[in-house]
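There's a structure below that I have some questions on.
Lettered A, B, C and D in written order, each chain numbered from 1.
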Amino acid sequence: MNVLRFLQTVDRRLLYALLFLTVAIPLLHPIVVPTVVLGRGPLGWLHPTFALRPFVLPVTVSPSTLMVYDEIQSLPPNSFVLLAPDWAAGSRGENGPQTEALMRHLMKRHIRFAMVSFDPQGPIISEAMAKRLQDQYGYVEGVNWTNLGFKVDQQDFLKAFVLDVRGAAPQDYNGKPVASEPVMAGIRSAHDIRLVIDISASDSYTYFIKFMQGPYKENLKMAAALTSVMAPEAENFVSSRQLIGCLVGLKGAIEYEHLLGVSGTATAANASLSAAHVLIIFFIVLGNVAMLLERAARRREDQE
Amino acid sequence: MTGFSPWLASHLDSLMLWIGVFCTLGFYSVLYRENRVYRFFEHLYLGLATGVLLVEAWNDVLLPKWFDAIFKQGEWWWIFASIVGLMYYFIFSRKLNWVARLAIGFSLGVTAGQEFQAFTNNVWPQIPKSFKPLVPHPALYAPNPLHLPPKAAEAAHIPLLYPQVTVPDAINNIVFTVVLLCVMSYFFFSFEQKSRALKGTAAMGRWLLMFAFGAIFGSTIMARLALLIDRVNFLMTDFGSGVMGPPGPLIVFFILFALCGLMLWMSLRARARGEGTDEPS
Amino acid sequence: MEHANTLARCALITFSVVIVAMIFIAGKRDLYIRRIQGLTAIDEAIGRATEMGRPMVCLTGLGINGGIEIVVLQALAIVTYIVRSSAKFAARAICPVYDPQMVPVTEEAVRDAYSLAGRPDRFNPNDILFLTSRQFAFAASVSGLIWREKAAACFLFGYYYAESLILAETGQMVGAIQVAGTPATTQIPFLIAACDYVIIGDEFYAASAYLSREPTLLGSIVGQDISKGLMLLSVLVGVLLTTVCGLLATHGAQIFALWFTQPP
Amino acid sequence: MRFFLWLFLWLFRWLSTWLFVPRHGRALYESLAGAIAFSIVVLAVLSAAPNSIRKYTIRAVTLLAGAFFACEFLYPVHSMPTGADPAHRGNFLTPYVFTVTTFALIVSAWTVGLGLLNLAQLHGKRLIRGGENAIYSAAFFFGLISVGIIGLLQKPHANAINKNLYTLLYTGALQNLDATVFSIIAFYIVSAAYRAFRVRSIEATLLLATAIVVMLGQTSIGQVMTSHFPTAMHTEVIRDWIMSQPNAAAVRAINFGLAVGSLAVALRVWLGLERGSFFDSQ
């Protein structure tokens, strides 16, 4: 009986330790599965070769993530995109992988992009992230991408930016004049911007809709990547086609990396996420089974 | 002082990592139980947060909107705002605390007055969104002279009166409306739920509430785990690789693994000795 | 919606007139309100805190956008009831405060609660603690407080965000009996998991009326029920109209829906 | 009624053309002194008045402050183009909304001192009394003073050291503490779910069952388990249905009740009908 009692009252610190392990281990090294590949050897004999292939968890992609992916996939190379990382370290858990996944896709498709942020920490974090990724895709700051840095007042900046890009953001994050950068060649106003993506933990995307997507509907589309707490409020913007799609929390980043066929921070986090969910469900079921068994045992004792 | 600035600038990143790790592990010690290390970081955190409150109150509100408005633009009447603000401090005097009540009365009035707009913004748009057709019917286009079939009408951009309602749509709408009615009936307080029908809908309302709360609990877990994954990533990848290079994450993992073992050993020892481990040291 | 359109204006005025009318009618006739179970748990919690001789922690929540707010005042009304009924048993009530503007309001309310209960000497101004206005610094300080004071009872009223589970789980670990009541719907599941009893949604606003049996508050509850009934009726009419007009292909339902959403 | 409204508006317009005019230099300080003197006179008159007059003045102030926002929201609007938004609509009170909200913002910014006084008193006593808790109060004051001074120096002396020190304290310490406390919630979710989700009653079982289905629906493990079922039975499809239909309806029903509840409390506070200890003794 005391085993059943123990299973119902496991010390919470054991649960905390197990949760830490289930989250930390997949982050250390992607889960690999030993696989045997049967091939024909030189003499035609069966020749098994052992390999450690990463265990790829199946991911079903939600429509709103797919729409963002299709939109970027359909953009012709060398078109111009405005990426706006409006988030701070506090929501890095969800907005970080989203920014990384979107950057990878833009770089993979050879699309020029500029970054602007209305949160003081946005430019610092996104600059470091872009520098980390640019070598993998042969991107160079100033040539293929640039960072326009932090702008204090979102409304005033957007009103000026749509009319005159160079006037509103004369210098980039490192102080170099924007006019001299090849990435901004031919970019005069909002008419030259094909897509705007706002990555945020607040409702800053509504200002983008009001000042950029609304007045320039015919040639400029807008997408968003939001934390899972803020995403429900954006649903009616997606259904009214003002937002062509929206990445929802860490799951959106996981789905996007799955579409890209890349295993970045989001894919590693997916393994931790799934393992942690299984751990929680396992302990809920364990507690209930032990309780029901103990109740049945006690009822049997009462009858005797 | 001249040597300090370049030193600080060059060591800024590693200093930030070390401070971040100490703060993170200091706070995670509460997972074992409340202890001196946690208490120290809790009070430091309180001081920093209150300091930032003071700084933001001055830099973001008082400096631009009050100090500059008066002494730069000459709008002297903003002094009344600071007078009303200072009236709050009369609360400490027994005789004159009505002065504080006057200022509190002003703030109460502002809050109460804005509630009308809050009510309309929060709830009003949701009422027309709840008008859902319960019976399936084909798509209906505006009456057009040629009586075009739906496909051709759509091609000819004739305005759509009612979108098509399929059978699954109708079932979903019925479920939506029934849940809305039952849950709302649970929140009526002023009449006795004598009749069986009302008692039934209220009980159903409470079950549907639990159904909804289970869904909210399950869907929120993802966001919280994402933050834990970010913290563990910060400890292992940012700090580990940043300070100890490639083997860093593994080293940090084993250090944390040892700390977990220590925590479990101490709680098992405390449990064996029969003392409740929940007594703060 | 920066300004009310015609229908919103009529509805707001109707609801306000109904609520105020019922408040004046309540003075004359005794009105019925059904029992809210969670509130009997409050008396149990006070009794337990007195037996164990350990303090109670009464929280009035974080509020929605700061300052003196309706939801914080409502939570304070419930906390003052708790203080008044605990004053007789000499159970100490600690009230952490989240917003600086609420410090004087809370102090005045708790001091008046003690004097109304006939024990003005029991009021200790050091028990009204302003901690900070930062969400997680407040949660860390309150849970440290619950640990160190070994609180016997925790009352979590008012509006909370993600930190509600930190407060409730800490109280649970210390073995406190916990009653919570919040209009923050997304936090109710976590409070259900960690607290002994949770007052859900609208019960939070009916709580002070039920506890104090004040005719004004009872009348307001009846007025609220009538307003909710009107809203429910408009939803039913809308659903019926949309269904019927969908079948008969007429414009009726869309005009009715447009009344709600037309600009002012 | 319209006459009083017209008189009030005429008086207000006369005041704003003569009295409320920006002034500089000596005239500025004279106006400031005049404003302070006027306030002291008003308060002196009120303190001399009997208690009942004061009580009605407080209630009148609450009524007026509330009436301003209520009328501005409810009063019919006409087109009132502004520089930024030519399609802007408003009524005769709309131009003053920004002024009153800034006024309320500055009042609340001044009250931050109330919190600091309360904290400084508590931790100051602890520090002076010494003993075991002194170090914690020292940590509090260290945090408060370091961020306070460096933060306030950000604007006037924005040199490299200040900026780096502020980044160190704000991003290095404060943001990491925020993220750490936020992540502790994940640990508490596991212990709360394990302890509380037990099949004790119908309601607890419903809570537990939906939570598990939604959890399975949002992770790959759930999708693997039901991948060979018909699509309608896939966990993520069930999860999306639960979240979009029954859950959305229940949350909307709760919000209807809450909105009416807070409207009722607002009405009682505004019209001075509120009962509760703070209001009784007003």
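Basically, a residue touches a chain if its C-beta (ideal position, glycine included) is under 8 Å from a C-beta of that chain, and two chains touch if they have at least 3 such contacts.
Quick caveat: nothing in here was measured; it's all calculated off a predicted structure.
Most remote from subunit C, judged by the distance between CA-atom centroids, is A. Chain B has the C-alpha centroid lying closest to the overall centroid of all protein C-alpha atoms shown. Ranking B-C and A-D by contacting C-beta pairs places B-C first.
Between subunit A and subunit C, the centres computed from C-alpha atoms are 37 Å apart.
Taking the mean of the C-alpha atoms as each chain's centre, subunit B and subunit C sit 18 Å apart. The geometric centre of subunit A is 30 Å away from that of subunit D, both derived from CA atoms. A separation of 20 Å divides the Cα centre of subunit A from that of subunit B. Residue positions of subunit B touching 2 or more other chains: 27, 30-31, 39, 42, 45-46, 48-50, 52-53, 88, 91, 101, 107-108, 111-112, 115-117, 119-120, 123, 130, 177, 180, 184, 187, 209, 213-214, 216-217, 219-222, 224-225, 227-228, 230-231. Contacts with at least two other chains are made by residues 73-74, 104, 108, 111-116, 119, 171, 176-179, 181-187, 189, 191, 193, 195, 197, 207-208, 211-212, 215, 218, 251, 254-257, 260, 262-263, 266-267, 269 of subunit D. Subunit C has residues 2, 4, 12, 67, 70, 73, 101, 104-105, 108, 131-134, 137, 140, 162, 173, 185, 189-190, 192-193, 200-202, 206, 221, 228, 231-232 in contact with two or more other chains. Residues of subunit B that touch subunit D in their complex: 1, 4-5, 8-9, 12, 15-16, 19-20, 23-24, 27-28, 30-31, 39-55, 57-59, 61-63, 65-66, 70-71, 73-86, 88-89, 91, 96, 98-99, 101-103, 105-120, 122-123, 126, 130, 172, 175-177, 179-180, 183-184, 187, 206-219, 221-222, 224-225, 227-228, 230-231, 234. Subunit C contributes residues 1-2, 4, 8, 11-12, 31-34, 36, 67-70, 73, 101, 104-105, 107-108, 131-134, 137-138, 140-141, 143-144, 147-148, 150, 162, 173-175, 185-186, 188-190, 192-193, 200-203, 206, 210, 221-222, 225, 228-229, 231-232, 234-236, 238-239, 241-243, 245-247, 249, 251, 253-254, 256-257, 260-261 to its touches with subunit B in the complex. Interface residues of subunit B facing subunit A in the complex, by the touch rule stated above, are 31-32, 219-223, 225-233, 236-237, 249-250, 253, 256-257, 260-261, 263-264, 267-268, 271.
On subunit C, the positions that touch subunit D within their shared complex are 2-4, 9, 12-13, 15-16, 19-20, 23, 66-67, 70-71, 73-74, 76-77, 80, 84, 97, 99-101, 103-105, 108-109, 112-113, 116, 126, 128-137, 139-140, 162-163, 165-166, 168-169, 172, 183, 185, 189-190, 192-194, 200-202, 204-206, 208, 212, 214, 216-217, 220-221, 223-224, 227-228, 231-232, 263-264. Partner subunit D is touched in their complex by these residues of subunit A: 10, 12, 15-16, 19, 57-60, 62, 88-90, 92-93, 121, 159, 251, 270, 273-274, 276-281, 283-284, 286-288, 291-292.
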